[in-house]
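Next, two complexes with subunit A in common: one pairs it with subunit B, the other with subunit C.
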Partner chain A sequence: MSAFISSLKQHVHQAKSENLWLLAGLSLGLFPHFARLPLLITLPSATLLIWRLLYDLRYFSLPPQWLRWLLTLIAISATYTSFHTLIGRQAGVGLLVIMLCLKLMEMDKFRDVGVVIGLGFFVIITVFLFDQSVFTGIYMLVVVSLLTTSMSAFSREFSTASQWLNLRQANTIMLQAVPLALLLFVLFPRLPAPLWSLPSDTFGAATGLSDSMSPGKISHLSNNNAVAFRVQFDSEPPPLNKRYWRGPVFTQFDGKTWSKPSTYQMNPVDEAAASFSYRTLGEPVHYSITLEPHNQKWIFALDLLATLPANSTLSPEYEIISKHTIEQLIRYPMSSYPDYLLDVDTLPNPAIYLQLPPDSSPRARALAKQFRKEAKNDADLVQIALLYIHEEPFYYTRQPPALPDDPVDEFLFDVRRGFCEHYASSFVFLMRAAGIPARIVTGYQGGELNPQSDYYIVRQSDAHAWAEVWLPQKGWQRIDPTSMIPAARIENQQDLARILPDIAQLGTPPNWAKAAWRQLQFGLDRVNHAWNQWVINYNDDRQRNLLNRLLSSFGFGEIDWQKMITLLAAGMGAVLLLIAIFTLRSWRRPQRDLVVIAYTLFCQQLARRGIQRGPAEGPVDFSQRAQQLRPDISPAIARITALYLHLRYAPQARSTQRNGKQAPPKQLRHLQAAVRQFKA
Partner chain B sequence: MTDTKTTLDNLIRHASKIILGKEHEIRLSLACLLARGHLLIEDLPGVGKTTLAHVLAQTLGLQYQRIQFTSDLLPADILGVSIFDKSDSGFHFHPGPIFAQLILADEVNRATPKAQSALLEAMEEGQVTTEGETRPLPTPFFVIATQNPTYQIGTFPLPESQLDRFLMRISLGYPGVEAERALLTGQDRRSMLKTLSACTDPAQLAELQSAADQIHASDALLDYIQALLTFSREAPQFAAGLSPRAGLALLHAAKAWALLDGRNHALPEDVQTVLPHVVGHRLRSATDDLEQSPETLTALMQSVAIP
Partner chain C sequence: MANPSRITLQTASSPLPASKPHRLSFKRFFQGEGPETGPITLVQRRVYILPSKMGIYFATMMFVMLLGAVNYTNNLAFALTFLMASISLVSILHCYRNLLSLRVDVGPIPSVFCGDTVQVPMILDNQQHAARYALKLQFYQDKRQESPEFQSYIFTDVGADQRQRCNVPVRTQQRGLYPLPRVTLRSSFPLGLFQTWAHAQRDAHYLVYPAPTQKHDLPNAPSVHTHLSGDRGKGADDFAGLRTYHHGDSLRHVHWKAVAREQGMFTKQFGGDRSEELWLDWESLPGMDTETRLSRLCRWVIDADASQLNYGLRIPGAMVPLGTGPGHRHHCLKALALFNADANVSNDVSSNVSSTGSTP
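This part shows the complex of A and B:
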């Protein structure tokens, strides 16, 4: 870069290809930000880019200095107006983007070009603060290529007619950098915790389940195709009706919203385990989950979990709560028992699970009383309630009407159209009104196997709410009232496929375009999954595991950061050496002329004393320069040069090649002797 | 070898008495002459182009003719014309100014391409064809053309193909401070010219020219010239590389320079000395139509390692 800046050219020309490369790279690099930032930043930045382009095409001149100052002030105030701050991720990037575009207004020296290109590379880094998908990675690689091309074009002493030459040079440099980048990525020691934390607004946009449930909270997720997490089963996956991924559990109802009690206490894991009594049946399933960041502390697992991930605790409702907010992709191995008995003998604190807001929903309470009269026992009552949902005209819909006053009564008796949260909420209300302890469980249900690989994708649209009721001698039982709705009353084919997959398969065969599109999506998801596994989630654990596995056969022992640094240095050195050898390539043709060998030795002697012969410096010129610098050995230099010139350029009868058939001329021996005796 | 060296040194010394402080340029034009090439001097009026031509003609003992090129100059004005003679009722050819051993074609880019080509054809062929009859030009035949810088108004720049006919292009430039003072205080140059005696005759000159041909160019030197040619063809900053004719010109000029230096073999330094003058008018930059600046040529020279 320093050589690049101190290039002979001092001023940037207009309308030269290098400017266009730079502008193309900057525009592409800024584009993802433009799509995200407010119009107040995007519009002026784009205008400035176009201004510079028009200047380079000689349609426009650059603004004078006073106007640049004014624009800077306006830019700062625009950023402040948009974000009410100048720091943080959004505001910082906004300021960076607009200031970079402003810098283009005064880019006329090579120093400025250096600044702009450097900032351009920094902008690329900031794009990854928002999105780290593999596609962004590939896109940014193109931007890096363009910026490097502009660097190559700017650093050229002569402009070249062929722009492919610049592009080729840039891509050669990038290709040469690939092994170095891979080495750094694999071997640079990862820290268990990040050195600095990302700004607090980084993960604000993450979606997922929240810490309360009211009508509409889950249904707004139903159209969200984003991935919640991916699951890889090590053993046979449980059937669909057992694939309930447990998330937040709610016990407290205020007539509209389900939430956790305000005095909610997090138990340490052993204490929590002590407060439960559970029995597991059958074999456990083993699997690992790669959870997308969702900005909450929930960690999802199948019921009933047998292990706890690191850095997490278990709540009394059997939720896994992480110690930290999930702001980054995490991956954890899990085991669960799909068949289990929970709290069979006694329920520790039944009052919590019978709480209802006083005097609400009188019609539902009456219905519960009627159920109680009809039922022989609690289990019978649950069946009666489920049958009620099955037989009365309840509909499953994604667009439930608003239930402004009393969600439970209005849903059960007037509207009868709703989403899983309505069913779960009303069902738990009925159970509690009938005196059966019950609670709401939210989480995800099902998941879709990626047919091109062997993992399941669980999406936000799989978010679900169901009920758990406590029955004597049986403990907590999972009841999913939504599944009681007959197929005919499910409005949406997709929902039907999710809730009743067996029936949905009998429908119309999917057309080939749809099938191809699905296959493509699965393929892309597979790429993303691999990217998450190996790039985004390549943390200290994975690094150590990988390196130990790779290096175990070399007798390296347990890897630590000193060994990683040593390996890294050795690897980088080896790569650089290889590149140097391929670039220089002079070793390919060994010198065979004895005259040249002797003269080269002589030049090396002088070079050791700081008198270096330039590649294009003629022997006479070099001799004169050397004699001036070292008058003390001037005669020796003159003699050697004279012999060399005579042997190399004057007409010769005999060959001076090594292993020649004839004896070499006697001057060659003189030259060799003189060089041997020569001491600079 | 020593005689030739003395003769040449003598020549240069004589010429330098009149053209002050321009020994390098005098040597270059001599080298050009010894290599049997023609010389193009590109410079502003009044820096001594004509005087240089005069001095060379005088010291070498050559016949001298000057042709002033103007926009209305016709080929016949250069080559000559047949005129009817009443006394014997026949046409008699009156040779034009081209029939001389040393021609000064002054301001060659002021004439129309038609007149230019008449001169340039004569330079290439060594003979003149008019009215169906071919007449040989005297030997040696040496053209010094002068040219105003092409950006001046009212000029017809020589096309590349015709520039290629000139072995070298030099410019004289302003004299140094001391030389200028000596010029101002000294005798009138024109009267000094008259006193200048010839150091050689055409026969001797022919010998010198063949001596220049005999100069040895080793494989190492030819490698260097080829490396220069290859670089000019591959480097992106030139629109087109150097032609084989340019390569030959480079070799001949380097040999002549070695002869002037009193050596029987050419060195890379000889090539480097003549390179800007031999190559400068033959290379064009890839990006704009302006010819290469001397700095660019130096860069070309410095990019090619001497093998």
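This part shows the complex of A and C:
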């Protein structure tokens, strides 16, 4: 084993250092892609990478020319087989990765290494297209450091100094570059819109609510702890039972799936806004939401919204619909009235809220008829139905059994175990069967305060579905049938905490490990939130706001791009100047050679008397000249010169040149004494 | 050497030494400053820097990356592009520093035979507390006559506060005394994105001896092997006495004890007397062209010296009296190297040429 290690060390020693640094950087840089790309790309790429490493360590030779051409053809066809195209984000990255690895097979010239290092940096950018998290950012900093180190090794291929010096050099430069990069990041003018339209697969798949609801659609999110959005309240946050974040609303039911009517337009005309009829009560709450990308057009807000974010419209169901798909993190300020009356006087189009598939779920229809008989009015009927859920043995579970034939009947009468979507769906069915207009609202409920900061985290696991029923004189009322289930019938503690927080708090206190873990998670989320706000979502708007706020105190006036460029140039100049002073100032240390110090003193003494040693004048010539000019002190000059010559050039003294400490002490003392006594 | 006028000049003139006006000129950019006396310090105005090919490639790459970042409004892509741009900017300073304030000097240049390579000892004195890496040194030489196997440059590092001596090759094509061409110091350290360079030309000369011919018997060769009367053939063994130190004497032969006793510099002399006397004479080689004659004489000088003969050289316009030892050898070879055909034997050579030309 140790023999193997020592032989490996030998191989590493023989390998070209810049190639090893480069391969290390490339492997780390490509890794996130390897985890994401199909195996058909990953496997050959990784093989080529390892092949190159083994070549550099002198275990293997590189493939011949014909094999390289063959491999290239195979690589292109593998990419095409995997993606059925060669353009677009996914396929483009696949092609870049495999071609880069192929380039390693013919990287033997100076120029090739440069090309590969450049492509290595390009790979990092493509990773950022898929993932912009803090972790990826820091990880890629390591990759940049390794690639820069390979550049350093590359630029001194002929130098014999230690390899770690390259790492140090690269990191020194990177550290000095960070302030410049920060200035550029903050001050480089951002554009509000892309320069040209992007291919459709630009942004990756994201989780979130979908545009239809069937059993299982939301419960699959229940274990997903990913953040849906974060909310920062500027005023007092509303209580939990009012924190319903409204998302897509569904009105059409086909017996299994709730969806939007087929005539529904995703971009409703603005005239629709005229038909909104609502009354607000009480004070509005002000808050801002940082929404994670979810590849849909929904924008979430508390009921009932008072403002619309930029580039969005309001649908007749009071959903906010963005003009563009939410493909990147966005942040928008919002205001809402938690207390409101909606469509109190008339319901514009009741038929669509009473639609039911014909002949489905006969048992549920019978139950609805029974409710209608018992109820005095519509409001009473709603209460009866809720009581039914409360009293009958309905359970709340994350693993609902399959409901293959008739989800409503099977849930209400046979299984009685389900998730929020089952309750909302069955409840709306019952209401409609009883003649009460009703609709399904999906979105998120609640949200968790980050105790280390002042914002709420709403996760995908907070996804929820509830019902809205229209009652005369009261308008649309939010009814959450899930909340009627008693605590004893909620299986999961987490769900209990969400649905019935008052009861959950009485439960067993979490142990310290769990508490610490939660604190850590909150801390990480806080970092993520800050990262999202200041790095990912630093756009033209935010840039302008930030700079205006920063510069208003200096009387700078409204910022524009000319001012940004001026500031940027000035700032960069200043920082570069600082680095230049730090780097270029002469680090001249005091002369350490005692022999030279003594002899220089002697020369200075003579110079003061007008006998200057010429720049190319040797000590012997100088001594002769000085002795001729000053015969009176000739012996002293000769003695000092002789001592100096001896210390400097005698064979036993020569080895100690430029290291005065080790000069023979006796003669050195003689020289120093002679110079001290020397008076020209 | 002792030059009183120089002293008065130094004290009387303005504190700044008179120097050429340092304006921007292309000549300086490409050719440097011309020959200079004394060590050359690479001050700011002498050190140039421009992007290398790789730097231009990287700049293009960064532009593409910036376009991508703008278009995808991807802030981490922005951050990476800006970091790379900043790294490149900072690397300019580090690259420039790698040459700045370096002192360049040249040591005594050994004389070589024509066709050999002169290893010019360059002395790089780094007086700063930061090492300099991967300096490429190359003398300006006619590129057209460069053969592919001749490596005209060397790479060297200079440690912090170190003086580094390195031999930079110069090709020789003709005998004679030549001014040292300018040396160009280049470096693309630390990242290869920029290349910095500086020209330095010292006012030194190097001597190229004629190329010796193939082994050839000495003229009227004395029977060296049977007549070992002076010394035992090895030479330089027997202490013969002291004489005052001359420039060029081996430091190994300096009588250091006398120096320490402050009696002055003396050189120990070794070796015995030769009884044989050998004159190497231009006239003994009639009917050859000048260069061949010089080459033959050169060969004889080498052989006579190797055999430790007491020899002298007679060529038109120069005569080196009998002598031995490395100094003597050098004097002889120098005379051959500097032999000027036009000045000395123009008649001789022309007659030679005409005779060979006219006689059928």
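The working rule: the second predicted complex is superposed on the first by the 551 of 680 C-alpha atoms of A that agree within 3 Å, B and C clash if a C-alpha of one lies under 4 Å from a C-alpha of the other, contacts with A are read in each partner's own complex, and residues count from 1 in each chain.
Operating definition for what follows: contacts are C-beta pairs under 8 Å (C-beta built on N, C-alpha and C of every residue); 3 or more make two chains touch, one makes a residue touch a chain.
Please read all numbers here as calculations on a predicted model, not as lab measurements.
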First (subunit B), second (subunit C), both or neither touched by A:Gln132: second
Touching partner for A:Val115 - first (subunit B), second (subunit C), both, neither: second
Which superposed partner A:Gly614 touches (first subunit B, second subunit C, both, neither): both
Contacts of A:Gln604 with subunit B and subunit C, given as first, second, both or neither: neither
Which superposed partner A:Ser235 touches (first subunit B, second subunit C, both, neither): neither
Subunit B versus subunit C as contact partner of A:Asn349, first or second or both or neither: neither
First, second, both or neither for A:Ser552, with subunit B first and subunit C second: neither
Partner chain in contact with A:Arg648 - subunit B first, subunit C second, else both or neither: first
Set of subunit A residues, in rising order, touched by both subunit B and subunit C: 157-161, 614-617, 620-621, 645, 649-651
Contact set on subunit A toward subunit C in their complex: 111, 114-115, 118, 121-122, 124-125, 128-129, 132, 136-137, 140, 144, 148, 151-152, 154-161, 169-170, 173-174, 176-178, 180-181, 184-185, 188, 190-191, 194-196, 198, 202, 328, 535-539, 572, 576, 579-580, 583-584, 586-589, 592, 610-612, 614-617, 620-621, 624-625, 628-629, 635, 638-639, 642-643, 645-646, 649-651, 658, 667
Subunit A-facing residues of subunit B, complex: 216, 218, 220-221, 236-237, 239, 264-269, 272, 285-287, 296, 299, 301-306
Complex contact set, residues of subunit A against subunit B: 157-162, 165, 614-621, 645, 648-652
In the complex, subunit C residues that touch subunit A: 1-4, 6-7, 10-11, 37-39, 53-54, 57-58, 61, 64-65, 67-87, 89-91, 93-94, 96-97, 100-101, 127-131, 133-134, 136, 155, 157, 161-163, 188-193, 245, 251-252, 254, 256, 259-260, 262, 264-265
